[in-house]
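First chain A sits with chain B, and in the next complex the same chain sits with chain C.
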Partner chain A sequence: MPARNHKQWMAAPNLKDGEWIDSRVYTDQAIFDEELEKIFKSAWIPVCHESELPKAYDFRTTSIANEPVIVCRGPDNEVRAFLNVCPHRGMLIERRPSGSFYEGQPSGNPKRMTCMFHAWQFDMKGNCVYISREKEGYQDRLPKENVGLRRLRCEVKFGGFVWVNLNDNPVDLEEWAGKPFECLRKTLDAEPMEVFHYHKAIVNTNYKLWHDTNCEFYHDFMHYHNRVTGFNDAYFARKNESFEHGHIVVGTFEVNYDQYEGFESRAGLSFPHLPPNQWYMIDLFPGMNFNLRGSALRCDVVTPLGPDKVMIEFRGLGLKRDTPEERQTRINHHNSIWGPFGRNLHEDLIGVQGQGTTMRPGSESRRVLHGRQENQTIHDENGMRHYYAEWGKWMNRLPSDPEAPFTEPAAVAAE
Partner chain B sequence: MDTQAEIAAPKMSGGLDPSISRDVADAVRDTIYRATILLDSQEWNEWLDLCDESFSYDIKSWSPEINYDMTYLHASRKDMDALIRLLPKHNTDHSPLTRHTSVYTVDVSDNGETASAVSAFIVFQHLLDGTNSHIDSGESRLFLVGKYFDTFKMVGGRALFTSRIARLENRRLDKGSHWPI
Partner chain C sequence: MSWTYLCDASEVAPNTLKLVDAKGVRIIVANYGSGFRAMPPICPHMEEPLDESGVIANCVLTCTKHLWAWNLATLEMDGAETEKPLKTYDLKEEDGRLLALVDQELTYDFDEEDDDDDDFFGKG
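Presenting the complex of A and B:
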């Protein structure tokens, strides 16, 4: 077709329902606010890995849907999560990204979470254990038993990730993600892992565009590395499988890392129970990704900051028992592709930034095509179709016309 | 973070003629500043010519989030050579980078054959095609801040890099980069 006039450009594409979406799902502030309320406040988020708080009284802080969250390990070795918000006058209780409560703080005692403002103190179970000048100020009207922290649902699961849910009654975590993790469960649970890499990116794009990139492999055309190490019959046969709750898994094949000059086979450091040089990808709704390339695991977590702004946290993991040499090799394998100075990640981030540039609040709505049908193999776009069908259900909005209520699209129902 | 190991270096001692020591230190400074200019102008191979065969290159950063001394990139001279050769095959943010380097200390070994240096650097990114070029191109943004921990070997009166560790202070790296820093 030649270049189109405005009417032609705006017309619905010649594809079935579910095979394209309207870009307002990426640009509309009201939709964004609603996503935080309806999706992020009820979804399980892997906020960190247990190796980031290895000892009793260690903590890690984060946030979900604008709510500050603290995760800490108690003297009983349990990892618990709370809102990182003081019940007195709303101060952020802990300001550091990570650390330990084992030592005292300027306002408080050892082994306590202390709010620096007026020195209220909490134990690792979230009980308020000290109110400064309690009797003088509150007499018997407000005992400390009534001002505990807000506890959050928290579980350590699927390879030691710490999962938090702001909803008190969420879908059970096993029911939520057990099936997509089945392909890697033996591998991830074989022995303790450890985080060796962390960095973050804030990009001017919608969080779903980042997740879309993790859900579709058609964009391997953008990655020279993936073309030379991947494009063969086994690659094109990889299955892109859908799971309940909007998750997908992209099946594995053997990657030829040595086809990229300067890179090497990863066979010597395969994760437990895996054949050499495999590549599995698990994408969880609404924006988490677990990506295992033979010797290193990557995990992405999105924190949406606005319709056109997202923070992505990147983690890399190896085995806790790695020797220093093994660890360095795993780090090289991970970061030569996925680090901030790696070959692929930079390309992925430029890609979604480019989409964010054309689809901003105020941009005319566009048709975004998800219509490739290749028998649910790697370049099929069924992963994104599956995701947006789930998104539509949570939001009660039709992805191709977000002002209309959701109906199950024909293209997805058939898959 | 323990950077002491990187800072610790052979100290100047009474054994070496002070004028030789000064010449070596001057050669080291010259190499560091030449490297800055060559990297800025993306003359990658000319930059590699300042590096000895034994050269190793690292970009590192301490993460207070995960309590870990991270290695973002680790490469031998051979690895850097391949990385540079393959750059045209990759999609890249072409926004030029300029480095502002200040050499803080140079320590020359007792025999005058090796040296180490610590420099501060700031890297600015001059936006071109990485974001929205119509709006952003021409804007300069702070991209990286850190220190170089370099070691050298004297060859024919020139100081050649035997290692460079670029240690970053900022860890929110956004799109990152394909280029040596």
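Presenting the complex of A and C:
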């Protein structure tokens, strides 16, 4: 194919509806704002893992769709989530990323969360327990019972992850993700896990471009490590399976780690109930990824910051009962591929940052192709087609023509 | 029941508080000018450490966090904010040594409010 002039470049590709999308879904500020409202305010987000809140009064703060969120463990051991917003004047209540309320703070008391602005206080169940100079200011007009925190749906599930939903009436979490997790349910729920690695990256790209990369393995051409340890018949037979609500699971095969110099088999530390050196990938709409490579689990969660900016939080998990030696080995296994200086992660980040460079607000819209058809195996792009059909439903926009209302694309309906 | 040594009276200057360990029980000793008191080391309101936030003036101990206050001479509650009395240990001074009757550790109730009901997210 020769190079193309502008008219040719802008023409729709000779593929079926659903096999390509318009890059405006990655660049348009109005579409981005609408995604936060329509998708992220009703989706289940795994904001952290229970092992990051091991003791009563431990907390973590985060945000979903620009809303500040705090999760904390109560004295009854329950993990609850609230908006991290004071009901008085809208102050951010807790500013630290994580910590414990067990000990007091200069502007707070033990076992309560305190808004430092005017010293209003709340317990771990979100009850308002103190209004400074309450009677003098409000007499009996505004009792504490009427100014509790905004509590959010929160469940600990699927291997101890803490799931939060800003919508009070969302689809049930089991119904939302039970089926995609089925392949690893027994493994992840066999015994307590523990986060041993956390880092985050802020990347100048759209959050969906990151999720796209997790949804397809065709980009293993970028990963030299994956090619030498994986490209074989069993690899190409791996299924890329779609599930309701926009989720994808890439089935497993046995990775030959010893084919790459400096790497070793992970068989000795396989997660429970798994054959050695397996590799599963669960991708949840709208941007979460659970990736198990034999001895270590990785979880990515996106927080979209703008059409061309995303924060990705990376967690690595092992088994809580690991000996120090086992833990160190798991950490090595995890970091040598997925750490900030690992073999693969930076390549993924280069890929999506390159896309972010060509697709930013103001870039001319162009076609992004999702048209590989390989019997729904690992290099098929059905994962992205499935994702964008779901996205279209939530947004009521057609991914190939975002100004048009959604209709089921022919390519996806056929699958 | 036994009298337990806290500290020497000379170690607690007038209008100050001193946190001591009395055989494993944390006790705060207050010198209000005309006498001493021995108490649990926290404010009965919200567990604030009184060695950090307590001040004494004119016989009145005030927890500066939320202005709960008590007259240490009479143990009456003082000011508009205070809702609970202080608990104190019996105290005596012998040869400049302060002793408290520590039978068991005095504590306050800080019960959290009732748990949420199952229908929490369905309420109007």
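Assume the second predicted complex is superposed on the first by the 415 of 415 C-alpha atoms of A that agree within 3 Å, B and C clash if a C-alpha of one lies under 4 Å from a C-alpha of the other, contacts with A are read in each partner's own complex, and residues count from 1 in each chain.
To be clear about the criterion, a contact is a pair of C-beta atoms (placed from the backbone, for glycine too) under 8 Å apart; a residue touches a chain by one contact, two chains touch by 3 or more.
Just so it is clear, the structure is predicted and the values come from calculations on it, not from any experiment.
Of the two partner chains placed around the shared chain by superposition, neither chain B nor chain C is touched by A:Arg150. Once chain A of one complex is fitted onto chain A of the other, the partner contacts of A:Ser336 are limited to chain B, with no touch recorded for chain C.
Counted by residues of chain A touched, the larger count belongs to B, out of chain B and chain C. When the shared chain is aligned, no partner comes close enough to touch A:Arg372: not chain B, not chain C. With both structures placed on the common chain, the touch criterion links A:Asp123 to chain C but leaves chain B unconnected. When the two complexes are overlaid on their common chain A, residue A:Pro75 makes contact with chain C while staying clear of chain B.
Touch criterion met: A:Pro97 reaches chain B, while chain C stays clear of it. Of the two partner chains placed by superposition, only chain B is touched by A:Glu261; chain C is not.
Of the two partner chains, chain B is the only one that A:Lys200 touches; chain C does not reach it.
In the superposition on chain A, no residue of chain A contacts both chain B and chain C.
The touching residues of chain C, counted against chain A in their complex, run 45-49, 52, 65-67, 80-81, 110, 112-113, 115-116, 120-121.
The touching residues of chain A, counted against chain C in their complex, run 74-76, 104, 109-112, 119, 121, 123-125, 127, 129-130, 132-133, 135-136, 151, 153, 168-169.
Across the interface of their complex, chain A is touched by residues 59, 61, 63-68, 70-74, 78-79, 82-83, 85-86, 89-93, 130-132, 171-178, 181 of chain B.
Looking at the complex, you find that chain A touches chain B at residues 51-52, 60, 96-98, 195-204, 222, 224-225, 260-262, 315, 328, 331-332, 335-336, 339-343, 345-347, 349-351, 353, 357.
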